[in-house]
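Just passing along the structure, written as structure tokens.
By letter and in written order, the chains are A, B, C, D, E, F, G and H; residue numbering begins at 1 in each of them.
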Amino acid sequence: MSIPKALNQLRTLPFEDLGFASVDHHRALRQGFPEVILCEGKTSAQILAIAKKLLKSKGPFLATRADPTIAKRLTRLHRHAVYHEMARIVAVPDQTRQLEGHVVIVTAGTSDIPVAEEARVTAEIMGSQVSTLYDVGVAGIHRLLDRQAILHEARVVIVVAGMDGVLPSVVGGLIDRPIVAVPTSQGYGANFGGLAPLLTMLNACSSGIGVVNIDNGFGAGCLAHRINAGMVSPSKKKKVR
Amino acid sequence: MSIPKALNQLRTLPFEDLGFASVDHHRALRQGFPEVILCEGKTSAQILAIAKKLLKSKGPFLATRADPTIAKRLTRLHRHAVYHEMARIVAVPDQTRQLEGHVVIVTAGTSDIPVAEEARVTAEIMGSQVSTLYDVGVAGIHRLLDRQAILHEARVVIVVAGMDGVLPSVVGGLIDRPIVAVPTSQGYGANFGGLAPLLTMLNACSSGIGVVNIDNGFGAGCLAHRINAGMVSPSKKKKVR
Amino acid sequence: MSIPKALNQLRTLPFEDLGFASVDHHRALRQGFPEVILCEGKTSAQILAIAKKLLKSKGPFLATRADPTIAKRLTRLHRHAVYHEMARIVAVPDQTRQLEGHVVIVTAGTSDIPVAEEARVTAEIMGSQVSTLYDVGVAGIHRLLDRQAILHEARVVIVVAGMDGVLPSVVGGLIDRPIVAVPTSQGYGANFGGLAPLLTMLNACSSGIGVVNIDNGFGAGCLAHRINAGMVSPSKKKKVR
Amino acid sequence: MSIPKALNQLRTLPFEDLGFASVDHHRALRQGFPEVILCEGKTSAQILAIAKKLLKSKGPFLATRADPTIAKRLTRLHRHAVYHEMARIVAVPDQTRQLEGHVVIVTAGTSDIPVAEEARVTAEIMGSQVSTLYDVGVAGIHRLLDRQAILHEARVVIVVAGMDGVLPSVVGGLIDRPIVAVPTSQGYGANFGGLAPLLTMLNACSSGIGVVNIDNGFGAGCLAHRINAGMVSPSKKKKVR
Amino acid sequence: MSIPKALNQLRTLPFEDLGFASVDHHRALRQGFPEVILCEGKTSAQILAIAKKLLKSKGPFLATRADPTIAKRLTRLHRHAVYHEMARIVAVPDQTRQLEGHVVIVTAGTSDIPVAEEARVTAEIMGSQVSTLYDVGVAGIHRLLDRQAILHEARVVIVVAGMDGVLPSVVGGLIDRPIVAVPTSQGYGANFGGLAPLLTMLNACSSGIGVVNIDNGFGAGCLAHRINAGMVSPSKKKKVR
Amino acid sequence: MSIPKALNQLRTLPFEDLGFASVDHHRALRQGFPEVILCEGKTSAQILAIAKKLLKSKGPFLATRADPTIAKRLTRLHRHAVYHEMARIVAVPDQTRQLEGHVVIVTAGTSDIPVAEEARVTAEIMGSQVSTLYDVGVAGIHRLLDRQAILHEARVVIVVAGMDGVLPSVVGGLIDRPIVAVPTSQGYGANFGGLAPLLTMLNACSSGIGVVNIDNGFGAGCLAHRINAGMVSPSKKKKVR
Amino acid sequence: MSIPKALNQLRTLPFEDLGFASVDHHRALRQGFPEVILCEGKTSAQILAIAKKLLKSKGPFLATRADPTIAKRLTRLHRHAVYHEMARIVAVPDQTRQLEGHVVIVTAGTSDIPVAEEARVTAEIMGSQVSTLYDVGVAGIHRLLDRQAILHEARVVIVVAGMDGVLPSVVGGLIDRPIVAVPTSQGYGANFGGLAPLLTMLNACSSGIGVVNIDNGFGAGCLAHRINAGMVSPSKKKKVR
Amino acid sequence: MSIPKALNQLRTLPFEDLGFASVDHHRALRQGFPEVILCEGKTSAQILAIAKKLLKSKGPFLATRADPTIAKRLTRLHRHAVYHEMARIVAVPDQTRQLEGHVVIVTAGTSDIPVAEEARVTAEIMGSQVSTLYDVGVAGIHRLLDRQAILHEARVVIVVAGMDGVLPSVVGGLIDRPIVAVPTSQGYGANFGGLAPLLTMLNACSSGIGVVNIDNGFGAGCLAHRINAGMVSPSKKKKVR
């Protein structure tokens, strides 16, 4: 028995071979959302070819890290495609999706907003309701406290911070919900491209914090949505998918 | 107006000053669980004094990273206190807690089990149901696949892995639930005390993964419990707290 | 008691919500100086909107890391606004401020001057008198010794150095005043963007040295001013604020 | 005896001194392939001068990391010279070379393809047969399993992956052939220019994996060819060289 | 002129050559405090010989990082010598010293206390009044706020924190005094022996923070004392020295 | 279709669940060698329980990183089990294995021998013939050259080196065979536990070098065996397996 | 005695204060060579002003890291000024200098030549005779051996190498002269901007090697000249200075 | 022509194969000093066997990093063998060696002395005259200046420093001789085992500094001796060798 028969079976999952890409048409079933295109590192021709294949399926579409040039070409492919410039995302929403629970996104500073917006658009396209609180870092912590009621209504909170990255620790000391912490590369000197806030968040004294990669707004939005989606009662979830 | 009146108000939250420790008696209300003692870095006298204060309150008790010597002394303080040796935890459970949703903990290898056990005991004491799948790394991936039904029943999955830390990426490709990834310091050479699996997990291609600190089983258990707790319907949660 | 009443009180501190920024109008009272704009990482529109809000208050104004384009637009907002090109700062001074004590800023080389100037303008706008000694590194230590009388008159000394970053250690061996050490990213090779002088300064054998982030002239100027301000007799301080 | 006589003898190996380069005309005999030009870090004049010397010998020619400008000038030097744009290689094949065994190159994503192509062209010019499987990462592992028969036919497998770099570990769990793992600098945040997948691959739990430098497609192609070449029976090898 | 005459003059400052140590008898005049012995890295014989020389002068004496064995031998050398066990310091106070201003030392956790105590004993022996607030980290920030009046009375605040090191940023947002931040090596995993809190503190968003080396309680105490000493009116300082 | 049927099939591969370990009984078929026990990080009880399960199958057995205590207990489990002390391996050979091709292992120094021996025993137990050349580093390169005929007879060469790790580059310049490079943690100072030779080897100018983890003699032996095994003609391989 | 009189004396050493630079006119006496201008990090105006002051003195002149624009302006300041383009140096030689001993500079590759040329021009302007051997790395070690007679005639050898940086170790095994090793930033991937060859050289097994900073051709040329200058008999040195 | 004839010749250099060591009997001729044993990483049996072989030759003998146990056994092998305890060296001097020039060794602190002593014994056994100046760091720089005449008489200066490692930069500003800088692992916190002083020294602003590995007293002594030896006139050198 040189190769287990079982593995042959697994081959039957649907995908499409473009040579430079193997488009995974089974992902929506397995992961709850279709394949997402990370534009960075791909040529325009590759991005467009993959997008065309994915857009053949009904349902939502997401292309992240899209610069304005490729965004322009992508939005021409579908009449509901929208370019979210600050988030650098081209998205086609799935209007049948609608969830109850909601996600709150908090940033320490103004310069963390692009990453927060990537998270926001991602979570919304996936089906979560999102509220935002931007520029509420600890140098003026009352700006957060004033609006903390919104934190307590959240089912999950995303905290985005560069520089010293302390905001997730502080938020973690105030609430009992899961927190998704996103370090950003904002800062200078010994920030080392986001390493400093990344380490701060990993070492947080407060409990209940999961960390994603530096500047990974997409990953944070996706994780927050999964946490949020799990909180919805089965009857309501069925409508969505 | 030199100091805002508002801050005076905040002083009224209850805590107890032992000189070397300020025991936070409000944490159970604010965070959903009382203060937890991290034994590492504290003297035996400090640990015991803090423990005595905390044990005066009813409700669960948790002391992590407890070596056998301090564990012996701690377990004498309360008749329901138990030492979980592999997890290095002394715990007093709160028998009124009972949740529906459950957490699955997966390890890549046998040597990752102590960290996984720290996560397990933490989540259970906090009120989650936990199942475990140990030693199912990618060198023999069928060991995971054989029992994957349990993954699909989980509300959240904790994946614990040292060495290359690839297991969360693989699990992430199979399911649509939130994943808490825990790198361990198991390995040698260019593992650099867990840095290698930590970076692997932060850079995971699969979506929906939040990472905690190296060897931080407690943090993983706590985050997973918060995700799990959020999924329970309000009526049932009331019973618990 | 789900959320402490006390926290409600804290909300009353004044701030202004611009959506992308929460301008902190209480900072001058709490910190002794109004909010400062770090231009890096913000769009021109964001910078100008925040500046307009801050300039409504009387008192000093500071915008750091301003490139010539944004500087031109900022200086148009206020008739006393000045662009300090080498320091990359746009500032509006508060002419009522006047302090006795003074700060001395020393650089090891000519290429460290931009960071030193950021510190100088910051400390001056905050209200300190500043003297400078530039390019007096240890390759020709007599250049420092010749003018060391000025060091002994300082209430605090800022030492700015790139490459090997040894100057704070040497100055620290000569005087008994607090030293604020600023590593710069000047250098090449194993300088690693300022990491080398940062480590040198943190490990300084000489006593009485506090280190700020690489290239952080603003932080150094602010810390030096706070040390200097504390040395002034209360009667004189009242005039300033 | 100031200098051993023996070393004098070694001097007789042929090379050609161009002042800025010492062209090694003995390398084909010693290493099985002539000297290869790494274009990065050399001036156009240097590259062309070295290329002219090397092209005087019959046999294959390889210049890697060639940008389109230098590629245009290089391809004019020899009528069989071809520019492989994605691989950034200018090559003159040696049509007498023909091997039996074959190399399979696998990538985790589309953005890893340039490195994979560098490996492919290198191995082919050296005389190996190559097949490719692109974009088969673990987020949709069935894409690899569907075509795994080709893995089992390989004499050696090159696995190219950026981001988390987990694919070599997974492939290593499925086959018993030597694997050459190539980390790429594709990714962001805590990827640190390919450090993350490099560490993942060095720490792989699966056995039989050798790692080359980040983005080093040439090195991978060369190593894979040497492994493949060794597998051919002596009678067949004689034809090739 | 091979060697400048000027340098000959500098030779006349007093020091004593023990072969393995050059005891600097001029330091009290130049730096305001006699030479301090760092016991780590020296043999017992070396420590005792240096201590004997230093104790011949009247005035304070300080030996840091003293383990109990050497401490026992050192305390026998002088009848006022005291071993501060948690601070690991042997000290002889100078009873003529007395300062007005005071230093406040804050720790995030209980396990940061040894470093804080090293700072406390150092600052007190040098002549500062010190108050302490231990275990007031952000996981229960009300513990700090309750006693913040003491922060506002401080002339300088030392903040000691391991793990995520966020406390200095938070304290920095509340007061307008200079802050000396001390990262400790308390923590695990990606704490990397104190690197995480060190980077957090260097990147602090709040202003007015100077950082010392990891676990460097002595350096923090010394810097805080120098800041504090400068704030005292000249007439009072004369009494002290 | 919530979970693909195909995956169910894969479950049928044989493994044995011990709770703390999932012993993979299919590995010999899939990988050409049974599961190997890495003793580090496992308790004695775990090691012995896994060993007993594995020893029930006929065929070779390998337990690496075994200290003398566990080695003594393991060797009692099987009459052909031998403890290779310098290699820290307990092995049961499979006498039916016998290969033609051979592996040469070279070390730079005497202190690299334990890692080399781990590679040697691993490759031999797996079925390769091995020759060794120890302590032939570049400080006296003639020691290698004198015996280089053996290098040219090798099908694959393992080069083990600590400190500067230059030997693989030098060997790579002399031969045309694949090289497996193993950095060791031998050295001091800026060796950083083997990081220095690891980087040297990854950046080797010479071609045809694959690198394994620091001190990973097992991995090197396994990779070399796979390369060697592939070189044997099919008719002969059949005898072996 | 608040400030030692001795230090006043040291002030008399000559220097010139330009505000942004303190030109050290005593350096030629103290260090054997006038102050050298590192152009990187300075404005054109600063460079030209310093150059004018230095060129007032007779004797050699050296400005390193000069781009073509500033070089053009500098060469206009003195009729003997020459721009060495590959070395990026503007120099005015001192024709009275003439030394006997000579320095040999060796590079591993062609792309290391710019750094080697910086060393060559520096050493020559300082007064050493220099020979060069370029592109003699270990991939074809006979290229070095063929011309090794020149190594044995050197009083000091500079070895310049990027990528793996192994050449100094190999040269160190062949000769008994001091070696100055210069890592370059040539390479890619895990080269980390020259960190890899830097570590290789610091960990060299061969003896008698001193390392300078990455790409620091100037430093290497200067150190080699000092070693070489020391070897000349006193009678001959007098002529030179 | 499979293997060049020339290489056969090189094989004739004398060495002795002990299996675990290839003792290089030609090194004294090639390098000016016999092979030196680095005891760390070798077993006692290996050290003794190599020592016996080396002691058969007349001439000096050096074994470094020898702990007292192995030192005791080594000193029994030869009646002139001496254990230098602080230097951790067992040495047999060669009384025919005698050089004119001399080496000066300077340390910043008392705790750097063991490394300095390793350098001193090494240089002396190789034939250099050595003077020492210990504990003259920049916290009291007059201790160095007082005795600087000895620096000016040196032909080469070794500077040993841990913590901030600034002493070589300062010494480099005072003299025109080559400097060998040795970072030590003395220090704490962000010293990172000597990385901080290593980087300081590599980035030194002063010229003429070559750096050796952390704690590498042997390497420093050897390099200094080679520099010193080259300075002696040929007639005198002949006597020595």
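As a working rule, a residue touches a chain if its C-beta (ideal position, glycine included) is under 8 Å from a C-beta of that chain, and two chains touch if they have at least 3 such contacts.
Computed from a prediction, not measured in an experiment: that's the story for all the values here.
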Set of chains adjacent to subunit E and to subunit G: C, H
Most remote chain, CA-based centroid, reference being subunit C: F
Contact-pair overlap exceeding half with A-B, pair selected from F-H, D-F or F-G: D-F
Maximum centroid distance from subunit B, chain identifier (CA atoms): G
Chain pair with more C-beta contacts, F-G versus F-H: F-G
Gap in Å, rounded to a whole number, between the CA centres of subunit D and subunit B: 46
Distance between the centres, which are taken as Cα means, of subunit G and subunit A, whole angstrom: 52
Computed distance of Cα centres, subunit D from subunit A, in Å: 37
Interface hub residues of subunit H, defined as touching at least two other chains: 4, 6-7, 10-13, 26, 30, 109, 139-140, 142, 173-174, 189-191, 195, 198, 202-203, 207, 213-214
Residues on subunit C engaged by subunit A in the complex (per definition of touch): 2-3, 7, 10-13, 15, 19-22, 24, 26-27, 35, 38, 40-42, 46, 50, 183, 185, 193-195, 198, 213-216
Interface residues, subunit B side, partner subunit F - complex: 109-111, 113, 134-136, 139-143, 145-149, 152, 162, 186, 188-191
Of subunit F, residues touching subunit D in the complex: 4, 6, 30-33, 36, 142, 155-156, 173-178, 180, 198, 202-203, 207-214, 218-219, 222-223, 226-227, 230-231, 233
Residues of subunit E that touch subunit A when the two form their complex: 108-109, 137-141, 163-166, 169-170, 172-173, 187, 189-192, 195-197, 199-207
